[in-house]
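Shared between the two complexes below is chain A, which has chain B as its partner in the first and chain C in the second.
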Partner chain A sequence: MTSRRPGRTQARDLERYASLFSSRTQNMRSSPMRDLMALTARPEVISLAGGLPDTSTFPAEDFAKLMSHMAVKATARALQYGPTEGIDEVREAIVRVMAAEGTDVDGDDILVTTGGQQVIDLVCKTLVDPGDVIIAEAPTYPGAVPTFSAYQAEVIQIEMDEDGMRIDVLEETLERLDREGRRPKFIYTIPNFQNPAGVTMSAPRRRRLVDIAHERELLVLEDNPYGLLRYEGEPLPSLYAMDGGEFVIYLGTFSKILSPGVRVGWAAAPRPVLQRMNIGKASADLCSSTLTQLFVAEYFAAGQWEAYMDELRALYRGRRDVLLESLAKHLPAEASWTRPEGGLFIWATLPDGLDTTDLLAKALSRNVAFVPGRAAFLDGRGGTSMRLNFSGVDEDRLREGVRRIGEVVHEQLDLLGSLTGRRPGAIPRPSERATGAEPRVDPALADVLHLPRREDDASRRSSS
Partner chain B sequence: MSGRRIVVLKGGRSLERQVSLTSGARVQDALERLGHEVHGLDVGHDLVARLREIAPDAAFIALHGSDGENGTIQELLEILGIPYTGSGVGACVRCSDKVLAKHAMVDAGLPTPDFLSFNETAFKELGAAEALPAVEERLGFPLVVKPADQGSALGLKFAGTAADVPAALVAAFSYSEKVVLERFVPGRDLAVSILDGRALPVVEAIPLDEDGYDFAARYTIGRTRFACPAELDEDTTARAQELALAVHELLGCRHFSRVDLMCDAETGALTVLEANVIPGMTETSLLPQAADAAGMDFDALVGTMLGLALGD
Partner chain C sequence: MTSRRPGRTQARDLERYASLFSSRTQNMRSSPMRDLMALTARPEVISLAGGLPDTSTFPAEDFAKLMSHMAVKATARALQYGPTEGIDEVREAIVRVMAAEGTDVDGDDILVTTGGQQVIDLVCKTLVDPGDVIIAEAPTYPGAVPTFSAYQAEVIQIEMDEDGMRIDVLEETLERLDREGRRPKFIYTIPNFQNPAGVTMSAPRRRRLVDIAHERELLVLEDNPYGLLRYEGEPLPSLYAMDGGEFVIYLGTFSKILSPGVRVGWAAAPRPVLQRMNIGKASADLCSSTLTQLFVAEYFAAGQWEAYMDELRALYRGRRDVLLESLAKHLPAEASWTRPEGGLFIWATLPDGLDTTDLLAKALSRNVAFVPGRAAFLDGRGGTSMRLNFSGVDEDRLREGVRRIGEVVHEQLDLLGSLTGRRPGAIPRPSERATGAEPRVDPALADVLHLPRREDDASRRSSS
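So, the complex of A and B:
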């Protein structure tokens, strides 16, 4: 029940403000799929849709100890503004974290940001004019889509295989753009355990990508949130390390190795780019929270972070294996999925003729959810794929969730089989005309992080 | 009629939950401005208990999708003796099932695009797939496939060729046990809202980027703009309004409804797609736009809808 105070209520009427909104915001509308995604956050739903780390593993006593150390050492400082580029202690911690992945960086080349997401925003703010080209992977990180759209970029997505972005296709695309007299502002890639595809870019492709960046003087945005979450195989060098800090902007974050709640990420970039990003950051938020930066610094100074990383890796490795086993058990033979060596996501693809957006509606009626593949494309592709997260759900719920997904997939395949009289593998691919009600480009589809929302807010939001 | 205790029913588990929450929030605001004691209620397991506890003078139903539109909530409110906005149980049952509504129109001689309907059993157990070529021949291509009881665009597909039909059917069956295959009418999308026995100005939904048959755009908020009153000649306007009123009455709707029509691009003939017993009340919804064009602002519209329920 909500009895509300009159007087304040009129300010919620969107139409009173609509004529003031910039053209950038015109893309930020509602869509049926967004409405569907909103339902995945219901508590009774086993959601493999989120991308959340399991913060319940962080010991409360360690948290309390860090906070009290901070209070003793630096109360006044923690409550004060800090430098835009971030406090020194955090930049030292960042140097150590990057070194753990074999990447040398100078602390002065680092800009501390409010989460890794701010790096994507600042890079766009610094480089992109409306109509400029950004090159991304297909599929790409759904959370980057609204940022690219807000800066009115044209995004070209390059297909991937098990070795990551197809560099031959990238080169063809760059040549085509060359002929059109266009130069992409940057190439956006997640080389390690890509979100959502789960694949890792091979060493030769990394080498070639860095060479291309040098030959053509193009910037690469290397988004590396999961590099330290490797469960098997040998680590590969970062693009930043291979490039020597000339054409690669590196994006790092503490979100997946410590906490997304502290909202501390960073960029390492060529100085001239970094300086512009610094100015952009100052105008956005002056500085990131000193309080949480000190918390991060204190945590890394305490020297137990590597042990905690081992714990996280063991936990997530187990969950990944359970998800892989469950998929093998419950998905039909015609389905395929990636086998990530790390990270948080598996990308599964169903036989032609099934549509994962519609499948989600049916899955939600069995209280299980995933991200439909379309959320990771800007051009309507991805209709038969889905992103499955394994970090945020315990093993039993993973098993049950995949069992339910398998159940609805089999029901749909049976129906399709009886409609076509054929096995699904032989189903004719629907023509391009057979589009559903989903738009080709809908940044709203990226609303898949499930940030916790105040109950009251949810019911008051008037965004449709 | 100010100062009544009104419960606004919204949210729930339907796929249209978000739209409903938006409609509900706006209705709550309006009711407060009108001086009522307003209780917003996100519909869940405790619905009956909460309604007994609040003991409202009336319920304003801002639910979209399944339970709100198919008569379930209305049945509960009847048994609890709480007056409510909009149509009664019978009309809700008829309108929320596109198949029932279309059959009623056909029987009454009101124009609706030719259609066929099947449930999943027909395909799984009765070999209905073998009849698909005949269905396709009768309806022609492209044809529209949609769930029988979904209000939003979810699950609505267009099949351009026979190869598209199986996937479109599987998609529609994801939302409903019964699907409608309907002849596609190329032309203009019109909506006529009925309020208190009279038809409001016609609204036309116009896709923003008209690149041939871009079906997606027509049904996606943000890629469509609305014209109200629609630019139609007087005769077409009058025919659309008469037809909508006839459908409203035929299906037994009460107080208000929204009737969706197509105006054939070639012949100008009007056909009825469906009638909605609980039209949206968001910023971009069609009933508030139509009322506005008739000189009735949102608060007045909400006041009128409530007044009809209370018999004021």
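So, the complex of A and C:
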């Protein structure tokens, strides 16, 4: 047995089963991060592609102690089914974690999920029919793209700047949709240290977004995995806190503050929505692991979690700084990148004419990886950008990784110059649409990564 | 915080959000077993409603030892994301477990899932569009009913007898569908110790079912959570083994042989189907818990699992016998029930004129619970039947539970006799359609349990 994904399909096999597949499978796209995980599993690869916290910082002896404690108290319970909505102790821990971010929540308004990802899936299940509109940021979380696609949503992505989603553009879009008689099912946003852009929504924009939700009775899905990972500046109130739980669905997770391997996330939502999400969850996986929920509860009851957060923040702040320095050192002067105050990601944009999907193939051959920008869009944009993670790799490897990326970028720039005689173009802002420059996606790689190819781009663009 | 489910909804709240809900929410039904879990959590309640293995049989010291071992070797890995398809070690354990049932499987044909329930969800996601036909058994697994409903499938349920699904009826149904130009997306069966009926599909019927799948190029979903829990008689080959992995999707789980709290199940499936299920899983929850997968792998590597299975079999065999004896002692002569050779459930059918949903309300007031038969049908049938679990409750409580159920049944029979002057009718077979007798479902309870009410029954019946 190998660790690769299920084998490539023979054409004749596909034909045999194709007529049995649901229409949603036509839209389903695999996640580039998931696919890259397999490609980057070898230890010699420096992967800035994942969104992996550094779990090696968690002391093995603490882990063993918590588990032994749980065994003494609750082996039978840990191994048994639990309630769909989650065990009480973990919902109590969630109330404390949200309080640490200044957000009050009632434990009965919480549904424990199998990671934050399941919240996105359940919100779509509860709200989205094929063809329905979801509003997201441009770029958006690459892991949400396959979920939105599986539910056959039409996703409209709203430009961002250094203050997060452009609420003026959002309002124009809502006006246009109004005139077309369409109401978006929800607005998806990551207000803190956005994945992948790294920017944070300003307080006035948060206020305005919540007001819009109330004025128009629109639901907002606030995805907040990184809120506690702030390295500088003042925390801002959550949309959920501003809204009072009327129109905001809050997505939280222990993945980035403790462990993604426990697969414990949560939603806090208005009751009628939460109730349907609960039913949707029961039909999807009955309940999340009781064993890992009890582990999470033990961990938060042990009272060391805030000290561990301090440790993580210090570690990741240092790595962010190293990544920023390395980018300045190795990327060409025409490149630009965001400077996040927290979270895990930096979004870098290369001179126009370069294509990061194309570049990834070359980067992989030098044992370094990133997420190509197209993975963060549903409409083919993002070809000149890349998402770089700084939490999962130590400082020396970060430096070396960026050095290799810089090498590949400069080679491509030289090649581009000698082929076309043209100078690299102006630096596009993160939110700008890629210009008419030829996307030069290696079709084989696009296939491996399930990225949109040129023909897909065209069809996607025309439909949104 | 209380342990109850998310609060009841105010009518005005519902209105506010209703227009945002997807059309599938109209079809979504909550799982009666899940709802009953909350109602039966108090220790004074004897619940024969769950499908709970007795996890108190797993030694706490073994649990602690396995966990410490894992901490030393792999804390960082246990806490980290894993590949969508599952970690290699757990897929190796799966290959061994399937081999113990006489089924060869390639580790690359396996997708690890968040419990067996997720396999049902992913198969529907991959194959089912609204209105598509799924063929299931009558009765079928009550936990599959909400999933089939969420995917807006039309479910046709095929009668069973003591040899499992009536393949002659299946063939007639397939002929009829053929004439209507309809091809079912898959045939769902639990061949071993069926949930809820307790019957096992005979070898000739297995052979014939696999032949039909090949002749008609139809997919079969073989749900086999209990195959290793056989208390008497000879094991029969799996459909997957007979088929060679061409048209059979195999669903396995560690829930009943180790622990449901780890939420680790799996699918073995033809590659083109598995590949799409993998994409569907990544969009649903990224991956299953690495921590619990490593625990499962450690447990199977430790080599004691077959001894533990012997222990479980001895325990559950004894409980099954106690339940059978108690039913003979406490149910009226006109009642009938199945005698399973393994698994966790007995299906009992009461004299015509009684309604088990109605009865459940009265049973709960005496602190005993079961799953009413209607939960195992999508068309309103099953009103005179109930599913009784014998794995989760010790022998004394089983005896006392059945005594209380018997008391309630006799009281209802007396009431029925004095109200109508009529004798209880003939004993319906498990697979027979409930006759025209008035269903007397308490509307409040039907609401709590989200069971179909009379008006729902009528509309469901007319559409299938």
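Quick notes on this one:
FYI, the second predicted complex is superposed on the first by the 385 of 464 C-alpha atoms of A that agree within 3 Å, B and C clash if a C-alpha of one lies under 4 Å from a C-alpha of the other, contacts with A are read in each partner's own complex, and residues count from 1 in each chain.
We adopt the following convention: contacts are C-beta pairs under 8 Å (C-beta built on N, C-alpha and C of every residue); 3 or more make two chains touch, one makes a residue touch a chain.
Every value quoted in this text rests on a predicted model; they were computed, and no experiment measured them.
By the touch criterion defined above, A:L359 lies against chain B but remains apart from chain C after alignment on the C-alpha atoms of chain A.
Once the two complexes are overlaid on the shared chain, A:F21 sits against chain C while remaining clear of chain B. By the touch criterion defined above, A:A38 reaches both chain B and chain C. When the two structures are aligned on the shared chain, A:S418 is found in touch with chain B, with no touch to chain C.
Between chain B and chain C, C touches the greater number of residues of chain A. Contacts of A:F295 after superposition on the shared chain: chain C is touched, whereas chain B is not.
In the superposed model, A:R276 lies in contact with chain C only, and not with chain B.
Comparing the two interfaces of chain A, the one with chain B and the one with chain C have residues 1-4, 6, 9, 13-14, 18, 29-31, 34, 38 in common.
Residues 10-11, 13, 15-19, 21-22, 24-26, 28-29, 32-33, 35, 37-42, 50, 54, 120, 123-124, 127, 129, 132, 142, 152-161, 163-175, 213-217, 219-223, 282-284, 298 of chain B are the ones that touch chain A when the two sit in their complex.
Those residues of chain C that touch chain A in the complex are listed here as 1-7, 9, 13-14, 16-25, 28-31, 34, 37-38, 41, 50, 52-53, 55-56, 58-61, 63-64, 67-68, 70-72, 75-85, 88, 91-92, 95, 106-109, 111, 113-115, 117-118, 121, 125-129, 132, 143, 146-147, 149-150, 183, 185-186, 217, 219, 255, 258-263, 270-276, 278-280, 282-292, 295, 450. Here chain A touches chain B in the complex through residues 1-4, 6, 9-10, 12-15, 18, 26-27, 29-32, 34-36, 38-39, 42, 352-355, 358-359, 361-362, 364, 380, 412, 414-416, 418-421, 427-431, 433-440, 442, 458-464, going by the rule given at the top.
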